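The block underneath contains the structure these notes are about, expressed in structure tokens.
First chain written, first letter: the chains are A, B, C and D, and each begins at residue 1.
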Amino acid sequence: MTNAQVTLIQIDNYGPWTVTPEPRREVDLQTLQSRLYADLSQLVGNREGYVFFTRFDNMIAVTNGMDETDHALVQESVGNRYPVTVSFGVGVDPSPVEALSAATDHIQDAGSAQEADRTEILRGRTLDPDERADDDVQIAHFDVNDATGKYTDRMNAFDSFIHIEQGYAELMQYMRRAHDALSFFVGGDNIIAVCPDLDAAAYEDAIEHVRDTVEVELKVGVGQAANPQTAGMAAKHALEECRDDGDRVVID
Amino acid sequence: MTNAQVTLIQIDNYGPWTVTPEPRREVDLQTLQSRLYADLSQLVGNREGYVFFTRFDNMIAVTNGMDETDHALVQESVGNRYPVTVSFGVGVDPSPVEALSAATDHIQDAGSAQEADRTEILRGRTLDPDERADDDVQIAHFDVNDATGKYTDRMNAFDSFIHIEQGYAELMQYMRRAHDALSFFVGGDNIIAVCPDLDAAAYEDAIEHVRDTVEVELKVGVGQAANPQTAGMAAKHALEECRDDGDRVVID
Amino acid sequence: MTNAQVTLIQIDNYGPWTVTPEPRREVDLQTLQSRLYADLSQLVGNREGYVFFTRFDNMIAVTNGMDETDHALVQESVGNRYPVTVSFGVGVDPSPVEALSAATDHIQDAGSAQEADRTEILRGRTLDPDERADDDVQIAHFDVNDATGKYTDRMNAFDSFIHIEQGYAELMQYMRRAHDALSFFVGGDNIIAVCPDLDAAAYEDAIEHVRDTVEVELKVGVGQAANPQTAGMAAKHALEECRDDGDRVVID
Amino acid sequence: MTNAQVTLIQIDNYGPWTVTPEPRREVDLQTLQSRLYADLSQLVGNREGYVFFTRFDNMIAVTNGMDETDHALVQESVGNRYPVTVSFGVGVDPSPVEALSAATDHIQDAGSAQEADRTEILRGRTLDPDERADDDVQIAHFDVNDATGKYTDRMNAFDSFIHIEQGYAELMQYMRRAHDALSFFVGGDNIIAVCPDLDAAAYEDAIEHVRDTVEVELKVGVGQAANPQTAGMAAKHALEECRDDGDRVVID
């Protein structure tokens, strides 16, 4: 059974900061946000976790294997290198969405995202080493069938993007509603979902739902492991098998 | 009348590269993509342009004011610092979507996005200085009314994101269909659209459509200028006016 | 005749910041410093200038072609993306050292490097377009003859470095004393000097001095142009000629 | 007794790459080098190690606590994100210079730094967990007494730098010759040395030598621990004690 440890990363008081004293140049905000995400990817990734950019001011990470000290060090490193600080809420639950809800509660209880003196919160619970199991994290890596041939090489780049985006929008809502899973667009035609224990039938259903609703054809590789990095790499290899064999769902 | 110069930026042969010889670690791909975007933001931004991350492997830029030499230098700088290269197609048209279509055609004509020997394409046409006018670029900056109070501080972070994402998905499609505009999510609850000459009524319509369809309430500031940076900053100031005065649409 | 525009870039109140409230982790300081340097390289480099890392908390730039607005934008961009701010002093003089002295005076007059409320100073004078000439900047690019064969592939990496470093220390002092030039180690076995109008004999002398004093054999390519980027690229090509033909000094 | 694990990091075939097919723009090389160093700082620093930029194309790291798998992952991460690759040689010895010599030998045995097909070497030996001790790494953190008052706020920025640089050049050579220690300039007026078991008298001697030879006055804090990060932080705290109490040498 899965037991995801999910961390909500929220930039403290970011909205007000971006327009104080005057609106800051968009190019600098874009650079700041994407580099902060890149750094968090590395800081968490070096500890076997995954971060998803989501809204950039609110990022969602799967952090099985990271304890409170690890979180504190990441928080400190951001504070040492950026003009903004970050707060962390951490939750644990067999259901990814429940884990995130707990994580969100911890941050919300500490104050509003736009409160100037609510900074560098670090609350919640992390898994003790003896609570951890080899199947705590299930990761599903989806992509769009022949996106290059069907969209990228054929339509204008925005209309291609609309298709990819529709596929993502539909999948993220279905997986959330039907399975309490958290799905994230990660670039190209790729979507990575953090899932509870789902079987092949559940993935078949989701793929069918997206095809029926918005006519985007997906396939998926699934991996499961003690941490996101190992589960995610297994998912990628499973997805390669889909590509080689023409399967829609491969569970590692 | 607007006359957008739009550049499609495509990472050459990126899909195959990410899985050769084995799937590369996701954390490194995420870092590579977001830093490449950050660098392009700066390289283009230092020349008064805007880049949007879109799919990350295909990014869309508005580049009024940049000539072919500028594009070549950006391309060279990426080649000097990344393990991947980028191709550029450039188009010009009163309609942003037509400009992007022309830009896309230039790249597609040179070969597939997944062709190993189609690299560092630089094709298309840029505006001559004497063709440029003070109203070539119209930028609209949308955000969600009270997103922090309604979503971020209240719902779990994924459900907040679903609302933001639904608002974006609906707006991007409506603006594309109704107005040939290109709309991009830029983080937080912000969407920036590159538009043809639209008036306040058109923006009112779009906002109403999104509210009626997915119950997300938007407001928008609009700026127009010879280049994206100036138009975008005017749009931000107009949006600040919306915030101060409670307006839904302010055109600078 | 040369007319260098030199900018001193000083991180405001950096020393105290690094130990407040406690000493910050060295790894984060190293990352902050080197990324700030990289960003300044790009921001200034995109405007045809050169930045040298020098002490990292005090960097020296050659900025012919950048006016006060350009400097202000670079300063703003740093402030938008870093937890520290920078001050700029700018000086112009046929002698690079005099230009730097003027630049330094402007910053020192505004207060100490360790004064908490002396931030984001921008003072000095920049060249008007009609004051600029095609030979304002002379750049000399030195390297060590066969450094790889003599040192890198043969000695331990620290003893190799001692030789390179001795060559640099001797050259920097000689060029400063004899010629009012500013010489900077730029990595590998490379030194770039910003010089007044020097002829081949002056470079021969300098190379001989270094050989006689510390037994490090240098060669040099020299370029001259209206801005650092063009002069520096000409110097690189001249240095390539040295490599091809076995010359010690090539002036483009 | 100390037992330093030292890693030599060498960019593969870098010199030739910088001029192929034409000399690459210096601004891009500077950006590449300093960002690669920043990334290595983080990758190694997240595993409790220290990296010094040294020549940038040859960097020296102290890596007690990192095994071969850790090194391989860092190497892979660089390869995934840069246009260049890196080779690693690792050595272990009570004497830092001997450890580095062993590390260098491993790389040199594999071929020249400028051999196109000698890439991503990873050789040498790392400490087993049961070989490690609490005093394996001694780190000394030096700075210049009142550098701001004596130099930065008074002289032009290059002459200040000459003083700092002379202090460093003298110290690095003395510490190497007299004590087999590796000393690195790390920015500002700071020098960090990786030392064997030295006592206060040895540090007093070194400081006196530098004062007598080049009239630069140093002080030093010293820490010792199982890994560079902990030893280095102890050294910083010891240096703070020097500042508070006016001592020249404080050993934690």
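One rule holds in what follows: a residue touches a chain if its C-beta (ideal position, glycine included) is under 8 Å from a C-beta of that chain, and two chains touch if they have at least 3 such contacts.
What you see is a predicted model, and the numbers here were worked out from it, not measured in a lab.
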Per Cα centroids, the chain farthest from chain C: A
Copy-to-copy rotation for chain B and chain D - C-alpha atoms, rounded to a multiple of 5°: 180
Equivalent interface positions on chain A and chain D, same or different at half: same
Between chain C and chain A, distance of the C-alpha-averaged centres to the nearest whole Å: 43
Intercentroid distance (Cα basis), chain D paired with chain A, Å: 36
Whole-Å gap separating chain C and chain D, where each centre is the average of the chain's CA atoms: 22
In chain B, residues with contacts to at least two other chains: 25, 28-29, 31, 35, 42, 46
Chain-level touch network, classified as line, ring, star, complete or other: complete
Interface residues, chain A side, partner chain D - complex: 39, 42-43, 46-47
Chain C - residues contacting chain A, complex: 24-25, 28-29, 31-32, 35, 76-77, 79-83
In the complex with chain D, residue positions of chain C that touch it: 8, 10, 14-15, 18-19, 23, 25-31, 33-35, 37-38, 41-42, 44-46, 50-51, 53-58, 60, 97, 100-101, 103-104, 108, 112-114, 148, 152-162, 164-166, 169, 172-173, 176, 182, 186-189, 192, 229, 232-233, 236-237, 239-240
